[in-house]
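Contents: one structure, followed by commentary.
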Amino acid sequence: MPSFRFYHPIEVRYGDLDPQGHVNNAKFMTYLEQARIRYVQHLGLWRGGSFLEIGFILAQASITFRAPILFTQPVRVGARITHLGNKSVHMEYQIEDPSDDQVMATGSSVLVTYDYKLGETIPIPDNWRKVISEFEGLSK
Amino acid sequence: MPSFRFYHPIEVRYGDLDPQGHVNNAKFMTYLEQARIRYVQHLGLWRGGSFLEIGFILAQASITFRAPILFTQPVRVGARITHLGNKSVHMEYQIEDPSDDQVMATGSSVLVTYDYKLGETIPIPDNWRKVISEFEGLSK
Amino acid sequence: MPSFRFYHPIEVRYGDLDPQGHVNNAKFMTYLEQARIRYVQHLGLWRGGSFLEIGFILAQASITFRAPILFTQPVRVGARITHLGNKSVHMEYQIEDPSDDQVMATGSSVLVTYDYKLGETIPIPDNWRKVISEFEGLSK
Amino acid sequence: MPSFRFYHPIEVRYGDLDPQGHVNNAKFMTYLEQARIRYVQHLGLWRGGSFLEIGFILAQASITFRAPILFTQPVRVGARITHLGNKSVHMEYQIEDPSDDQVMATGSSVLVTYDYKLGETIPIPDNWRKVISEFEGLSK
């Protein structure tokens, strides 16, 4: 499995924990979401203005939980785009502890490019396709 | 202390709990917020369309924590407006278990009437003043 | 597709919403979690005491997002167990608006029976298998 | 006003935002909570094991909201203890943008020292009093 070209660190918050004493399952989704948005910013595809300009909607998400995330752990999320369809983008994620390479979760999602002003899905813009393909080393 | 003319029930979610096994402190704020918005809807001051039409911003909030809220408890939040200033509205809250009248928290907040389109505070609209005063039995 | 024998109502909270004005994707997981725990309670498999007696851990979760959930919508989550393995339980979910039968999301998860005191996975207890099979009409 | 001897950085998450496009009010409480726990860790008063050893419960909290917190802002929370009573501890907080010294919120809370094993409040332990007084330059 190729490693990730983009990682985003996450600070576990006390408010992320549940009665089992570790990070609540739904917060894993929050961690993936944060990594996804930072990835989009990192590639220059969203400038941080209106959230209606992000240009993606989430169509499907999956997470496999491998180990609990503890309050005291350093955490980072690897994120990458593995496939560009016509209107859909496939992402993969890995939540890991960089201090010992433990993998706490893997995930994937399907995003659809969306124009919030038109209120409809649109083909992936050419410049997005170019930027993403080059960053990830995908064939265009 | 007069009782409340408006109560909103809250279902405690597993996702509201923290490692102490009871509702996390920050979620008390979420409960008060939910009661506040339902109160505004109940009085017909917000029709449920754009959130930019709610017309209030929160300036100050305080909570006194009296007892933990447990997953298995029925919970309701009493909310009332106790004072109308020129641009400010004072609210009081009580989080309680209606099955045994236990009070888990009391709270208060100061809201300021705000026009999101103008981006500035505005005097309390006359019709708001009328509706609220009549509902709460306040002198206008 | 058979309908669900268990539904749990969810009140959308203002605190569940994100800048797109609808329920944040991670909160869908919170809604499924809440339905799952109420299902387990409904079948008498957890009595509401220590959370370490719930007896399940989440191994995998998937959600397909079909439509946004709005603040003003009534929402319920259908939950059912579709398969009992040796140590694993398959659940399916549907988040819907009962006022017009719109489906906002479908989901599935794999749970593993777990003994928090031993700190290890265990086969599904016989009485759980009996209760679940009878409730869902599964062959044992 | 003396400045803070302890600051904790917070990364604003997309999941912290609400329909107004800025950080939801209840998340301000989460930010203060996170700073408070890191403060307690920083002073060596909690070693990061069981959460039942934190030794504090929150009795009262207040926040004054001065400016919205945006997704793109760097954020830090200053936290300090300003008074040690017999069983109570007074804390003050400031949420600010270190890039331009803008203050987005100030807050305060009253904590009570609590023994989770006994299930009762206890006087502030002598070593806590010593460590805190020295760190903050309080008279003991």
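Labels A, B, C and D are assigned to the chains in the order they are written; within every chain, residues are numbered from 1.
Going forward, contacts are C-beta pairs under 8 Å (C-beta built on N, C-alpha and C of every residue); 3 or more make two chains touch, one makes a residue touch a chain.
The model shown is predicted, which means the values in this text are computed figures rather than measured ones.
Among the remaining chains, the Cα-based centre furthest from that of chain C is the centre of D. Interface comparison, B-C versus A-B: the higher number of contacting C-beta pairs is recorded for B-C. If you average the Cα atoms of chain B and of chain D, the two centres end up 24 Å apart. Distance between chain A and chain B, defined via averaged C-alpha coordinates, is recorded as 35 Å. The distance from the centre of chain B to the centre of chain C, each centre being the mean of the chain's C-alpha atoms, comes to 30 Å. Among all residues of chain B, those that touch two or more other chains are 14-15, 17, 19, 21, 24, 26, 30, 33, 51. Residues 19-20, 24-30, 33, 51-52, 57-65, 116 of chain B are the ones that touch chain D when the two sit in their complex. Every residue of chain B that touches chain A in the complex is listed here, in rising order: 14-15, 17-19, 21, 24, 26. Those residues of chain B lying in contact with chain C across their complex are 10-11, 13-15, 17, 21, 30, 33-34, 37, 48, 50-51, 71-72.
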